[in-house]
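I have placed the structure first, in the form of structure tokens, so that the comments after it can refer back to it.
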Amino acid sequence: MTPAPSPEVLQAPLVVEFPFTRSLGPVQSAFLTGLRTRTVLGVRTTDGRVLMPPVEYDPVTADELSDLVEVAPTGTVTTWAWNPAPRRGQPLDTPFAWVLVRLDGADTALLHALDASGPDAVRTGMRVRIRWAGERVGAITDIACFEPYDGAEGGEAVPHSGEFTDPVTGIVAPARLDYTYAPGRAQSRYLKALADHTTRGERCPSCRKVYVPPRGACPTCGVATDEQVEVGPRGTVTTFCIVNIKARNLDIEVPYVYAHIALDGAGLALHGRVGGIPYDQVRMGLRVEPVWSEGSRYPDHYRPTGEPDADYDTYKELL
Amino acid sequence: MTKEPVAVVGIGQTKHTAARRDVSLAGLVREAAVRALEDAQLTWADIDAVVIGKAPDFFEGVMMPELYLADALGAVGKPMLRVHTAGSVGGSTALVASGLVAARVHRTVLTLAFEKQSESNAMWGLSLPIPFQQPLLAGAGGFFAPHVRAYMRRTGAPSGIGALVAYKDRRNALRNPYAHLHEHDLTLEKVRSSPMLWDPIRYSETCPSSDGACAMVLTDRAGADRAPYPPAWMHGGAMRSEPTLFAGKDCVSPRAGRDCAADVYRQAGITDPRREIDAVEMYVPFSWYEPMWLENLGFADEGEGWKLTESGVTEIDGDLPVNPSGGVLSTNPIGASGMLRFAEAALQVRGRAGEHQVDGARKALGHAYGGGSQFFSMWVVADTPPAD
Amino acid sequence: MREVAIVAFGQSDHRRESAEVSEVEMLMPVLHEVLDAVGLRADEIDFTCSGSCDYLAGRAFSFTMALDGVGAWPPISESHVEMDGAWALYEAWTRLLAGEAETALVYSYGKSSPGDLREVLTRQLDPYYVAPLWPDSVSLAALQAQALLDAEDAEDAEDTVVDERALAAVAARSRIAAEDNPHAQVTGSPPPEALLEDPYLVRPLRRHDCPPVGDGAAAVVLAAGDTARRLCRRPAWIRGMDHRMEAHSLGVRDLTRSPSTRLAAERAGAFEAPADLAELHAPFTSQELILRRELGLGEGVRVNPSGGALAANPMMAAGLIRLGEAAAAIHRGAADRALAHATSGPCLQQNLVAVLEGDVL
């Protein structure tokens, strides 16, 4: 029995990023298309309030809304917050105020940025107007921001058909979040051992099963696994599939064999690729061993050992 | 204290398709909800609470989207719960909603599940990169294919069984106007010769990626009395979970599924499911899961499930119709897929399944599973209220 | 209504980061703590429900890995909400009310340290009109705080003026109270006047007005009737519990009010008798003032003796911890009737209120 060494804390960047494609529906389509032509639309509720920005469903009555109106590009700040350190993706890259603005003719407020010289230049009740983006595409960012304004007040909301030529029906919303991933204590121990081309599982102190890779807990007993046990290097293919479909971001030539491999001494199978044998000759019960490649954390693949196949009864409980 | 009986009095779903480009996320869920309300002839004011479910938020890139969807679902001023139990979530969501009625916390609850997979890409959503882990696969097919091979080895099932399931479910889908896939020209031969993706799973034996939503109105005995159409009565509901991977896990016939089925049959007083259940909507994302679940759910002895499929028992006119709606193989908005199973089971016993109605269906099972074959949720519904 | 009580509560130490442990490694000791407290094994629990959120650490299906810490074998009756654990407790409570279970294990956890929480939370917002602007959570709370400061009737239940000093007083009181909380992430505070000398983080909020960002986990055990009495010397009976939603968009709400909190409190029976303790999930100082007014809490009520979310705010767990802290006060005889509150969403969009009572000893 080897006592578990204190692990080095492993960490690595994890980026979750996707350009989401969002279809808009009629009301949002009209609003965002309107912005492209500097037209600001709201929507009138069944009880006569004007919601701006226009929403599809009344937050009070749950009614479906479609009675579009045009409101002014000028309005009044209803509350504000001074943001001295703009963050990624925000409308301005110099210090600005977040504001809720009730546009003239509307009963509700829009969240956006206000370009002002400093917090002392901002107050609730101040008058502002939209500063339009130079290039407008039909998105909320077509409003570059608000800016202080001391001109005339806009009038009442007026009906609008919501019809535009070449309406925007969808937006692409790129989103990137940066994380630092840390696999934790047990996985770190496992990964550290892999660097020496050894595979160390961990034994549950309660049921005595050996987990490879260890996940920090014996999932059936709900207790920490802590005793490290070297397993393999040889093992048995318990089951597999032949992958014929090339996945994006995966640099493996197809077809290849994706297999469940029970390393000798392990309580369950891990997953790996089988090579060194034509894909259509891989079979359940095949005895395999890892093939390491330079600089790789994991075995590149497992290859046949040449031993006779394992008898089905020896691994059927691991399926 | 006895539980309040729970009745399904409204069911609505969207026309499922690869991409609903004409609606927002709110518009998609709203469409299903409005149809469920119309079916129940109720208004938003009649709904006491909303229970919503979906699979990972990364699919649409909106964290806890129920916060944004509250307005569209008339939930302002009401309680709203959001469930997430992986692929079984649609079923679990319905069960959480039913629990509110059964406990007499609320009288009438709207429950809804959705996925708008076209906002991103299912392969991406299911295979986010994880540092330190070896990328070996993308998507769910490769994950489940080895289990299918294990099933074939264990039972000696002939290799053509999966194609029979896919062909049956796709033909059933032609009777269901809401189904995503309507493959009028499909033949058994085409299924058999479709490209092998993750051997032993062929292209035509896999589920599509859909945009869609499903909603139900659940209510108490008094609510059922007022319902304009026959309700479906819940006779049992259960969830079971087991770990993702563990030493001794039976990936072919997970114990959580067997235990869940046993619980739901016990509640419903069912001793011989094969005889007593008239229609089954089970979660079959890959064709071979039909025979696998037939065994797991107690409709066939171990090793015998494929024989039911092969002999035509699970056809819509067989004596145990499975997935008369076309199932997950024809429609798969992931978060909603489980609720669609529950709702389709309810439609059958209400006699409101239209062209895919199973004649004389009085008792039906809705089944969902998720994660690494580890989360199960099921309900049994019938055309009459439960005893006592 | 069937009698249901919180019979055990446990939580991790809350910390700015916890890279040396995975989520399950962080959670598991807390699960053991609450099960040991009532002498139950996992397979003696009738229903399990958890709350967590994939977006915090950037891992889809993270709750499936956390389940490893439970020991779900033989298979268990189990569910998960993508919400704060307070709502997981609510779901479990309804199972016990329906008579479907005698005992329940509820847990939740959140690791905010892997990501930039202020940025991550922008993904909760309206994806068409708001999320593309990436307005961070502190800025949104600042908009709400400014609205409160601006309000003409800017006074709390005791008719005192709401100003930045009042906000600082909430911060100081909370963090000084947290000195007695061994799990707190931030403890101790200079007096309010000194806090006001600090620069603004996002005006009108200063750092002390904001919750710490950190990692943590919590768990409770629920039990019904005589089972509760057997497992706990003084169960914290749930006399009522309710939760309500508000409109999503900040621009349609009166940010100085929380009608959903008031409605939930009414439905939970909070106003039927005075409470002697309240645990409020108010991540920002200004939000405590809003909640106090809606709940009608006067100076006679001890608010957040644990330090509240200003002392530790592990996302997805901080609401459950309010229920747990309130229950623990009843368990140890430090309170007889307590209110517990949890919140979710931007600027108090969704709120839950529970009323807990201990039997007279």
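Chains: A, B and C, in written order; residue numbering restarts at 1 for each.
Criterion: a contact is a pair of C-beta atoms (placed from the backbone, for glycine too) under 8 Å apart; a residue touches a chain by one contact, two chains touch by 3 or more.
Chains and their UniProt names: A = OB-fold domain-containing protein; B, C = Thiolase domain-containing protein.
Given the structure is predicted, the values throughout are model-derived calculations rather than measurements.
Engineer: Which chains make contact with chain A and with chain C at once?
Structural biologist: Per touch definition, common to chain A and chain C: B.
Engineer: Could you name the chain whose CA centroid falls nearest to the centroid of all protein CA atoms?
Structural biologist: Minimum centroid-to-centroid distance belongs to A.
Engineer: What whole-Å value do you get for the distance between chain A and chain B if each is reduced to the mean of its CA atoms?
Structural biologist: About 25 Å separates the centre of chain A from that of chain B.
Engineer: Distance from the CA centroid of chain B to that of chain C, rounded to the nearest Å?
Structural biologist: A distance of 33 Å separates the two centres.
Engineer: Give the residues of chain C that touch two or more other chains, as numbers and ranges in rising order.
Structural biologist: Touching at least two other chains: 55, 58-59, 65, 67-68, 72-73, 120, 123, 127-128, 131, 247-249.
Engineer: So which bits of chain B are touching at least two other chains?
Structural biologist: If we look for residues of chain B contacting two or more partner chains, we find 24-25, 58, 60-61, 71, 76, 128, 130, 243-244, 246.
Engineer: Spell out, as numbers or ranges, the residues of chain A touching 2 or more other chains.
Structural biologist: Those would be 14, 16, 20, 22, 24, 28, 55, 59-60, 173, 175, 181, 183, 187, 218-220.
Engineer: Inside the complex, what are the residues of chain B that reach chain A?
Structural biologist: Contact set of chain B toward chain A: 19-27, 30, 44, 58, 60-61, 71-74, 76, 118-121, 123-124, 127-132, 134-139, 141-142, 145-150, 153-154, 195-201, 243-252.
Engineer: Quick check: in the complex, which residue numbers of chain A touch chain B?
Structural biologist: Against chain B, chain A makes touches at 10, 12-16, 18, 20-25, 28, 55-62, 64, 169-170, 173, 175, 181, 183, 187, 191, 207, 209-211, 218-220, 238-245, 247-250, 252, 255, 258-260, 267-268, 271-273, 284, 297-298, 312, 316-317, 319.
Engineer: Within the complex, which stretch of chain B touches chain C?
Structural biologist: 1-3, 24-25, 56-58, 60-65, 67-68, 70-71, 75-86, 92, 95-96, 99-100, 102-105, 125-126, 128, 130, 238-244, 246, 254-256, 259-260, 263, 371-372, 374-375
Engineer: Quick one: in the complex, what on chain A touches chain C?
Structural biologist: Residue positions touching the partner: 7, 9, 11, 14, 16, 20, 22, 24, 28, 31-32, 51, 53, 55, 59-60, 78-84, 87-91, 98-100, 102, 108-113, 119, 124, 139-141, 171, 173, 175, 177-188, 215-224.
Engineer: What residues on chain C touch chain A, complex-wise?
Structural biologist: Within the complex, chain C contacts chain A at residues 19-25, 28, 31-32, 42, 55, 57-59, 65, 67-73, 113-116, 118-120, 122-123, 127-136, 139-140, 142-147, 150, 200, 202-205, 247-252, 255.
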